[in-house]
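Next come two complexes built around subunit A: one with subunit B, the other with subunit C.
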Partner chain A sequence: MENNTGNGQNNYQTTPCHEVDYDRALPIVLGQIFTYGDLFTKLSFLIMGFSNIIRGQIIKGFIFLLTEVMFFYFLLMEKGGTYHLDRLISLGTTPASQADGPFGKITPNDDSRKCLLYGIGTVIIIFAFLALWAESLKSGYEAQYFVAKGKRPNSFYRDIQIYFDKKIYRTLLFLPIVGISIFTITPIIFMICIGFTNYNAKHNGYTKLVDWIGFDMFGKVLHMGKDPDGTVNMFSHTFWSVLGWTLIWAVATTFLCYIFGMILAMVINRKGIKFKKFWRTLFITSVAVPQFVSLLIMRSFLSEFGLLNSFLRNFGLNPPDWLGDSTLAKVVVIVVNLWVGIPYTMLITTGILMNIPAELYEAAKVDGANAVTTFFKITLPYMIFVTTPYLIQQFIGNINNFNVIYLLTGGGPNMDTSKYQAGDTDLLVTWLYKLTTDSKDFNLASVIGMLIFILSATFSLITYRSSGSYKNEEEFQ
Partner chain B sequence: MTKGKKVLAITLATTMAFSCLTACGSKKGGNNEAKPTPTAIIEDLVKVDPELGITAPDEVENNADAQKVSLKVWAPAEEQDLMEKLCTTFDKAHAEYDIDFTYEVSSEADAANNLTNDPQSAADVFMFAGDQLSNLADGNLLFDLSALIPDNPEIEEKYDDQAYNSCLIDGKLLAFPFTANQFFMYYNKSMLTEEEVKSLDDILAKDLGTAPSGEKVKNFGFDLANGWYILAFMYGNGCTLYGDGTQEKECNWNNEDGKAVVKYLNNMIATGKFFSNANDDGLPLLEKGELATVVTGSWNSNAVKAKLGDNYAACVLPTFKIDGKECHMKPFADFKMIGVNAFAGEPRPAAELAYFLADNYSQWQRLQIRSYAPTVKILQDYVTDDTKEKPEPIDPAVIAATEQMSAENSSLRPTTPQLKNYWSFGQNLGSLIYKQDERITDESKMQDTLDLIVKGITTVL
Partner chain C sequence: MSENNTTKFRSRRKAQNTADIVTYILLSILGFMWVFPFIIIILISFREEQGMDLSYIIPRTFSVQNYIDLFTKPIVSNTTFGVWFKNTLLISIVVTIISTFFVLSVSFTMSRIRFKMRRTFMNIALILGMFPGFMSMSAIYIILDAFGMLGKLTSLMICYSASAGLGFYVAKGFFDTIPKAMDEAAWIDGATKWTVFTKITMPLSKPIIVYTVLTSFMGPWMDYIFVAYVMGTHSDKYTVARGLYMMIDREHAQKMYTQFCAGAVVVSIPLAAVFLSMQKCYTEGLSGSVKG
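Moving on to the complex of A and B:
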């Protein structure tokens, strides 16, 4: 240690003192700092930056101290942190009320949604402060260490320089992290919290306040067994049957699109096929039309008295109601989705097919393998190896494939008398949409959203980690 | 990392973060701020018919101490022009107010949602679809307009009873109805007579032969797989939703009366003369002469007029016979309404403006300019009176809508917010009947199916 103190920067980089191991978890580090710190460092636990000030890092120390003062001022000021934490727990106590008299004005009062939002904001601020507090303790201990070693602690200017040199990653990531916390993390926490409240059509949050209800909604959705009167439980029945159809849909669309797209690409890719570029362009044109346009056209084309059926009737046939019969509608949406999805798979597989080394095929030919064998021994393994992550992403995308279902059938037909706000072709995500826009069951919708996330995350993690592309990354190089 | 690269990287990161911030900032404007050019430009307000007893308000100079008021008004895009003219008229007629109006576009269907999301920045006076009334009332978001009654006692007598009662919840007058927003029946005069369209059984009994295209003509077009329509039959035979309209656990559609309606509808499908008018599929068939009647509302009157031409006619919904008993189809009496935001900064001028916008004079303007069926008695009489000379003939659709909203031909909407549960199950019932699913055609299963539907309608989350 002694001979490693050539300049300040090196000192800063090495573990400043063998007593404290900065690589270890934070509470342990803090505990060590408390154990080995001198009186000033220990006082820094209460008065942030005290150790820095004493040891000459005046500006840094005062910035820490000022932050602490501001934080406690924020906590204790009128309508400050403690007020918001209190309201995060109660979600408001007084709803807006009208003044007496016929033309009395309404005084806006607590708004549960704001209570929740500001409460979450306060919690985030508290965590941010705790992180800064831990940082200040480390810095205070470092200062103690430098002084103990007879060195001058870093000047403020030097500290700033470090943020443009060794610690530039922090400087670069600062704004993105602030942005993500405000625009992504906070809304997500907010949405998750709604699942544990009774925020719905009957509680708008300002004239009818919202309360915490815990796991009630999860209980309703995941309920097993029948209702006391012997009939099915509507909410869980809806969830399980919609989930079942969502999985069937996701598997069917993902794999059928994949298989047909691959066959199409291979056919076009065959030697001896002329105008390859023309065929590829032809098939890709269906992508050029915005999806919602082509889907809405499909909808009116397939409707009971639509073009297709009047065409069929002209031949004296008695055509079915394509989108009006439960089973048929399910088949039809899968088929229509093929038409939308195959061109994409074709594009991707074309690229991969052209990349398979031709020597592999030549070698196989020499060994006397026929087309089927080469497909199953060379093409398919290669394809699957390269496209597994794509398949996973497609599968998750199909679980959440809002457009096709919503624009084509709107979730209908609605033939199941025990489903709550869901039709026979509704996916979890379109059901969620109906819950938020039609029946305004925001809390139920939030729970469905969480379950979709858990489902997608678990599935992707398991399949991705057991895929060849993850385990043997180098194999095909 | 060289210094230049570092500077570049920091600049890029900052730019990205800021562009993110600004992108989010500009979105905040919301959908109500921009005011598109009004689609219907009106040259001038229509002159009032002096014989009617409707007078245009007098223009007066503002008092020296006139109260400065700013009011925000929401109306759909096609109403903007008329709305601005009426509001200006109101301002000129009131010496005690000096009003600064802000107009924003919000369709009647969206108004309630927009208001619920942020009532404090929403409009003071707004037009909305009557089906939103109970939700707004449940959230205490509507100003109680009964406060106007002491000064304007004529309010209670002015409006059609059904229209007035539709706006009453717990004895509070929460909105003013300004036009009917409901369905009735259009028919082809050359296929059915005025007498025949009075009874559904007569309509279905008639053999209308084949159309020029060779298709068999269908007699009755109705959107059966739709909760809003199918309840007209149920209410017609005495079934109700949510008891007196406030009991969220009540629904008697699974009783004998309900089953009788289901059987009647099953028989109607069996005649083969019924046409399902989902997505307005029936309109093109009217033109081809393949459909004799279609049940839809004023919103389609121009489309139907264009299809039927000289054979265009409209009437109230027909009656139907169950066990020899004559039943009137009773859809919900639905209205478009004008309400005042409970959070309005100036409740009194806002309430007076809302009243003016739904009063005789404004309704007269809407009737003449936009063919809106009136809800004030004086104009209803004018519309339905055949003997009176009129500057322009009244659209039969307006007369039909006016007659359809009578207590005999319509029912009051339940006021419980639980009504949101009903729509999906009403659609359920209609779909099962239309598809002649065995769950509803088989007499032994019919009871169970209806029980399940009732359970769904009354389940509280």
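Moving on to the complex of A and C:
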């Protein structure tokens, strides 16, 4: 249906007067409005809503006009749009002087972060205004078109009615999009911009202003090997080693959880096992407890003088410090993640397992296959075929698995020995978190964030786009 | 010959029985491993003796004092656990209302209405979801600062619900299962799309509405990072997750471990109940709207 848009447009070019479908057939290209529009419509390019006012859509026209006036007032007023755009480029010119204190002389100063934020805000407002401007032109042309056909243009009330019928998507999406723009899109653009500046602990944007530095930070992070002067580049050294562990972690946890969760589901599904529901609820209950609670509990159990070690000492053993040794801590976090993740997988796979055609198993039994062969030749291939999207989702989820690492080890052990602000079990996300909260290396954190994005996007786009649910969305309905 | 068969049958049944017993034992051990930590926490929460002594499990003296202390004694500068509980409840109620509205609007639009920017919107939503959330945290902090909302409960309400529209996938999948013919029949009868949304789609979507409500309700109870970032040291504005996290940090753990356990129980029981009922709605939601 969406493809028809193009056709409607072409039809219109050759035959300007035929039945109008508000959204599709009216010219969408502004050039066409300019070509076919009369004087009033053309004037609307400068004075928004002019065509509407002339043709009797007074309220609508004045709303357009008022928005235009407000927009230009915002742009030109003191400390308005142009001022912010200017400062978006300079990121501030007057730093707060060090002597300023509660009793010092107060001088008006720039804050680079606010310069950047307000600058981005201004750009977004300009784009929103341009969208409204195009909308007003379409509406103005529509009014001209109605009058030319001898009809009355829509009354204001009728326009509102349309917003609850044909254009209901605009009404329903308006608030969600405003929310997303302010609290998701703006922050992401802001942080992407930060990656191209020198905003870090040394340049706090307040007493020392921030400047644009381009791709320097990417170079520092991605550059392998030693710097020209022979020293190890801490940023890239840390990045590659953290990335390596992140990938090992993601692969290990995803597949181990998957296999063991599936085996658990199969064991419960076995013929002849009673109280299936009881067993399932037993495991699901552990999922139901908030994750941070169960992980905090786990940490206090595993700590040097925790429950587990007291228990082992009672038997006269000399227990290790589970989270204090590099290799051991890595194993322990993976095992604890299994404890967290297996019930989830069990939950997801139970239903799918029951859908595997029983004939497959019967045929295998006739051929004399044992349980292990059946699992690897029938169950596993079938399950992987059905659950690939789920696996990818889990994999990306594990790359970004903040809770388990942060709550159990906090990234340690061996913080700050060979790596920059990262310990041996730190994943990219936990490292990113520490960079923004502890060491204030915002530009480094931003670059890491973008690299995580590229990593997850690559994995998911490959699978998502080849999955049936994306390609055949319409066929199903 | 027949005797031979019977023995074979018997031995197979015997093998089956042994396998069953092994399975039961295995399941019991595993089940115990999964539930054990929670049992311990419940037991510790009833301990009268304070402190973080984990060398024994069964409390020497049972008492409910920890639960009473939780709601009467200030944990940090005049703030009791009750205050955090109230904050969280208030936030999650507001968040639930706003996000449910957002999620249902967006998913209905994406599922039932065809318009020019639909695919674009869905792709953008997908792309935005791939940025790690922690990356934008400091930017949100600056935005909240610019709006003058730092350290206020409203800031959390807005942050948790503002972007809810991006999580439309599950509900959209559900709406996709409602036959389009129903909408078309209503349009022929002169219904507007708004009427279709409110009078036809919504009444058919109970499981998914309940699911959306419950998921949005649970969100604010889980987050401890963002609260810490936005609220800083305003401990009277914390939520339960942040509060519990504070109770078990280096400074407080020794003194408050038993209260922490009590708090964990207080938070977990309602959330577990919500989660289990959500699970039911989710399965119902997946099985489609109009049966037969």
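In this section, the second predicted complex is superposed on the first by the 329 of 477 C-alpha atoms of A that agree within 3 Å, B and C clash if a C-alpha of one lies under 4 Å from a C-alpha of the other, contacts with A are read in each partner's own complex, and residues count from 1 in each chain.
One rule holds for everything that comes next: a residue touches a chain if its C-beta (ideal position, glycine included) is under 8 Å from a C-beta of that chain, and two chains touch if they have at least 3 such contacts.
The structure presented is a predicted model; accordingly, all values stated were derived computationally and were not measured.
Asker: Could you look at A:413 and tell me whether it touches subunit B, subunit C, both or neither (first, second, both, neither)?
Answerer: A:413 sits against subunit B, while subunit C stays out of touch.
Asker: Classify the contacts of A:175 with the two partner chains as first (subunit B alone), second (subunit C alone), both, or neither.
Answerer: both
Asker: Let me test your reading of the model: by the given contact rule, A:433 touches which partner, first (subunit B), second (subunit C), both or neither?
Answerer: So A:433 only meets subunit C here.
Asker: May I ask you to decide whether A:265 touches subunit B, subunit C, both, or neither, giving the answer as first, second, both or neither?
Answerer: neither
Asker: State whether A:391 touches subunit B only (first), subunit C only (second), both chains, or neither.
Answerer: Once the two structures are laid over each other on A, A:391 reaches no partner at all.
Asker: Decide which partner touches more residues of subunit A, taking subunit B and subunit C as the two options.
Answerer: C
Asker: For A:305, using the defined touch cut-off, is the partner it touches subunit B, subunit C, both, or neither? Pick first, second, both or neither.
Answerer: The answer is both, since A:305 touches subunit B and subunit C.
Asker: Of the partners subunit B and subunit C, which touch A:421 in the superposed model: first, second, both, neither?
Answerer: The first partner, subunit B, only.
Asker: Touching A:183 in the superposition: subunit B (first), subunit C (second), both, neither?
Answerer: Both subunit B and subunit C are touched by A:183.
Asker: In the overlay, answer first, second, both or neither for which of subunit B and subunit C A:204 touches.
Answerer: A:204 sits against subunit B, while subunit C stays out of touch.
Asker: Shared contact residues on subunit A for subunit B and subunit C?
Answerer: Shared contact residues on subunit A: 164, 168, 171-173, 175-176, 179, 183, 300, 305.
Asker: Using the touch rule from the top, collect the residues of subunit C that touch subunit A in their complex.
Answerer: 16, 20, 23-24, 26-27, 30-31, 33-35, 37-38, 40-41, 52, 54-55, 57, 101-102, 105-106, 108-109, 113-116, 118-119, 121, 126-128, 130-132, 134-140, 142-143, 146, 158-159, 161-166, 176, 180, 192-194, 197, 221-222, 224-225, 229, 241, 244-245, 248, 253, 257, 260, 264, 267-268, 271-273, 275-276, 279, 283
Asker: Give the list of subunit B residues in touch with subunit A in this complex.
Answerer: 1, 6, 9-10, 13-14, 16-18, 20-21, 24, 116, 119-120, 135, 138-141, 144, 146-147, 150, 225, 276, 278-279, 281, 285, 342-345, 347-348, 351, 417, 420-421, 423-425, 427-428, 431-432, 435, 437, 439, 449, 451-453, 455-456, 459, 461
Asker: In the complex of these two chains, what residues of subunit A are touching subunit B?
Answerer: Result: residues 96, 98, 102-106, 108, 164, 168, 171-173, 175-176, 178-179, 183, 200-202, 204, 206-208, 220, 231, 234-235, 300, 303-305, 321, 324-325, 412-423, 438-441, 444 of subunit A touch subunit B.
Asker: Taking the touch rule as given, give the residues of subunit A at its contact with subunit C in the complex, in rising order.
Answerer: 1-2, 5, 23, 113-114, 117-118, 161, 164-166, 168-169, 171-173, 175-177, 179-180, 182-188, 190-191, 194, 264, 267-268, 270, 272-273, 279, 281-294, 296-298, 300-301, 305-307, 310, 314, 339, 343, 347, 351, 396, 400, 402, 406, 428-429, 432-433, 436-437, 442, 445-446, 449, 452-453, 456-457, 460, 464, 476-477
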